[in-house]
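Presented below are the structures under discussion, each in the form of C-alpha cells.
Note that chain A is present in both complexes that follow, paired respectively with chain B and with chain C.
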Partner chain A sequence: MKAIDNQGELWEVFIQSKPGQSFKHAGSVHGFDKDNAIENARDTYTRRNEGTGLWVVQSKEIIAVALNESDYFFEPATDKIYRHPTFYNLPEGVTHM
Partner chain B sequence: MKTTLNYYLQIADNALILSHRLAENTSKGPFLEEDLATTNVALDLIGLAESVLNEAAKLEGLGQTGDDLAYRREESEFMNCLLVEQPNRDFAHIVTRQFLMDTFNYHYFIALTESKDSFLSAIAFKSIKEVTYHLRRSSEWMIRLGTGTDESKHRVQLAINTLWKFTDELFEESESDKAMLANGTGVNLHNIKNQWNQKVNEILYMAHLDSPKNQFSVFGGKQGNHTEHLGHILAEMQFLPGKYPDAVW
Partner chain C sequence: MTTKLESAQTAELLADFEKKINAEIKIEPSDWMPDAYRQHLIRQISQHAHSEVIGMQPEANWITRAPSLRSKKILLAKIQDEGGHGLYLYSAAETLGVSREQYIAWLHQGKAKYASVFNYPTLNWADIGAIGWLVDGAAIVNQVSLQRTSYGPYSRAMVRICKEESFHQRQGYEIMWRMMQGTNDQQRMAQDAIDRWWWPALMMFGPHDSDSPRTSHAMLWKIKRESNDVLREKFINKTVPQSELIGLKVPDPNLKKISDETYTHGDINWEEFRQVINGNGPCNQERLEHHIRAHREGAWVREAALQSDFRNQ
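Let's turn to the complex of A and B:
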C-alpha cells in the first residue's frame, strides 16, 4: 500500500550564489503552491546567506533522460577530444571556465 | 527613564514570548519545511528580543544583563500583550496569531524608524526586512487555509474568533506609549490601528474569512496582568536559571 503524502507537491530548488552566476540545483522541497514552495526553499536552503537568487520548479515538470537511454545520449561524446576546448591557453584572470 | 525602560520591555517581551511559543512547536510542525520556517521566525524574534533586552539592561544601569531580564523577572513584570502568550492550539491558531502580530509589527517598526531614539530607529530598520518576510508568509497561509478545505477554513475562522478579543490591546496606549509618543521617540498607535485594520481586512477578504463583530476585548498584558498562560511559559523558560542560577554553557 502506498503511504499517503499530504505534504504538497515536490519542487526542485535552484540557487544562484552570486549575481551573474548560473543557478545550481540545491535539492528539493515540499510546497502546496508556488508561493509556498519558494518560501520553503528560502527557509530550507538560504538561511545562512547562501543565495542571491532562487528558482523553484515542480519536479514533475522536469524532463530527464531515462537511465536506459544514457548510452546513446552520452557515450558518443567521449572519444572525440576535438570537441573539448582543451587546446586553448586561457588568459590570466579568466574565471568560471 | 522608567518610561523608556518599559517601552523597551514592551517591544522585547512581545518578541521573546512569541518566539518561545513558536519554539515550542519545533519538531512538531506539520512537515519538515514548515517546521524549519516556523523555527526561523522564532530565531528572528529571539534575536530582536536579545538586542532590546541587552539595551534595556544597560539603560536600567543596575549591572544586570539582558539574560537577567529574560530569566529573572516575575510574571507581573512582563509587558508583552496577551495575544503573543496564547497557546499553540493547532496550526491554524499558530498561523493566525502570527498573522495578527506580523501585521502589527510590520506597521509598528516602519513607524519606529522615525523615532528620535537612535537605538529604537536602528533596531526598527534592522527588523523591517525580517518582519516583511514574516508577514508575507503568514498572510499567504491565511489565504491558503481560508480557501483550502472545509476543515482548514473552519479551523482558521475558529482561530480568528478565539484570538480577536486580544487584538484591541495591541493599540492600547500604556503610560510609556503616551510619554514616548509625546517626546518623539514612540509610535502613534492610532495610526497603526488604522493600517492594521486595513491590512487584516484585505487578507481576510482574500481568504474568504470573516472578521468578528461586537466582540468584547481583553486588556492587561501591558500592565503586567497576564492570562493564565504566561505563568506556564515562564515556568518552563525560567526553570534552568531558577534552579541553577550560575549555570553556564
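Let's turn to the complex of A and C:
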C-alpha cells in the first residue's frame, strides 16, 4: 500500500430540501469526477429524501472571505440603517404598509 | 525580541479564542486555535470516525443470517448509515489539516484508536438487538451532548448523525422485545446478549472523571460538554427502565435505584477496558486486519477512478 493513497478531490455539497427553496450547505465528500462526486453526495447526504435538488462544487473553487477580515469586509452594511423598514416614522393608523 | 512579540501576539489570539468559546461562538477551520485544541480534536474526531466504520463489522456478521427479509433490509440500512457517519466525521476531521489518507494510515499502524466495544464478537442474532439498543443507545447519549461542541464542523456532523441515529436504537430494542415474547430459548439468548454487552456499553463513556486526565481541558474549551460519568449516568437512568419493561435483567448485582429516575451502579472492570483498548480484546486483530484488507482490495478502484479523473469536465 502506498503511503499516499489518492482518495479523490474534495467537493462541497449543497442540498435543496424543497423545490423553490435555496440550496443549503450540507458538508463535503470525496469524488474523482463530477458524476462520482454527485453520486457520493447523494449516497452520503440524502438517504432519507432530504433533497429535491443537489449541487456539488469543488472545494478549491469556493471563494470565501477570510474570517479575520470579515468585520472590515462587511463594514459598508453596518451604517445604513435606513435600509431597514423599521427606520421610518409613520403616522398613527396607517395600514397595508 | 521577535519571540517576545510572537508570544504577545499568541496571548492576544488565545484571549480572542477563549472569548469566542465563552460566548458559545463556534470555532471554524480557518480561525486561529491553540495547538492543544487542534490536537485534541484530531484525536477525538478521527477516533470517532474510525469507530463508526469499524463498528460496521460486528453487525455485518449477521446480514446474511438475518431471520427475515424485513430485518435484513433494516440491518443493511443501519450499517449503511454507520458508513455515512464515518464519512461525515472524516470530512470534519480533514478540516483540521490532516488528510483522510493520513488518518487511515494511523489507524492501520495502530496509532489511532476506536471504541473498544467493537472488539467484542457478535455470537447470535440477539447481539444485533443488544448493539442497536445498548451500543447505539450509549453513542446517542454522547452524540446528543456533542451537538454543542465548540468546533463548528464537528458540531454540524453531530447534528446530522443524531437525526439518523433515532431508528438505530429502536430497531435494536424491537429485536430484544420480540425475542422476549418468543420461546424460552429466545428469551435466554436475549438475556445472554445483555449480560455480555451491558458492561462494554458502560465502558464506552470512558474512564471515571477522577481518572480522565484529558477531560478537564476538553471541557474548558467546550470540546466536550458533559463529563464521562455524567453521560454514563444519563444512559443508565434511561436504559434500566427499558430493560425492566421487556423483562430483561441488567447484569449488575449492585445496581440500586436511589430515586425516581436515578440509579447507582456497581464497579466497572477497568482492567478489562485497558486490556481491550490496548489491543487484547477478543476481536481486535480481526477488526483491524479486515479493515486493512478491505482497504487494500479497494485500491484498484481508486486507481482506476483516478485514471478517468475529470473525464467529463
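Observations
The rule is simple: the second predicted complex is superposed on the first by the 76 of 97 C-alpha atoms of A that agree within 3 Å, B and C clash if a C-alpha of one lies under 4 Å from a C-alpha of the other, contacts with A are read in each partner's own complex, and residues count from 1 in each chain.
Criterion: a contact is a pair of C-beta atoms (placed from the backbone, for glycine too) under 8 Å apart; a residue touches a chain by one contact, two chains touch by 3 or more.
Remember, it's a predicted structure, so these values are computed and weren't measured experimentally.
In the superposed pair of complexes, A:Ala66 makes contact with chain C only, with no contact to chain B. Once the two complexes are overlaid on the shared chain, A:Ser17 sits clear of chain B and of chain C alike.
For chain A, the partner that touches more of its residues is C, with chain B and chain C as the two candidates.
After overlaying the two complexes on the shared chain, residue contacts for A:Glu39 are found with chain B alone; chain C is out of touch.
Once chain A of one complex is fitted onto chain A of the other, the partner contacts of A:Gln7 extend to both chain B and chain C. Once the two complexes are overlaid on the shared chain, A:Arg47 sits against chain B and chain C alike.
Contacts of A:His30 after superposition: both chain B and chain C are touched. Of the residues of chain A, those at positions 7-8, 29-30, 32-33, 35-36, 43-44, 47 touch chain B in one of the two structures and chain C in the other. Residues 7-8, 29-33, 35-36, 39-40, 43-44, 47 of chain A are the ones touching chain B in the complex. Only residues 30-34, 36-37, 40, 136-137, 140, 144 of chain B touch chain A when the two sit together in their complex. Residues of chain C that touch chain A in their complex: 28, 30-32, 77, 80-81, 84, 87-88, 91, 94, 99-101, 104-105, 108, 156-157, 160, 164, 295-296, 299, 302-303, 305-306, 308-313. On chain A, the positions that touch chain C within their shared complex are 1, 3-8, 10, 26-30, 32-36, 43-44, 47-48, 64, 66-68.
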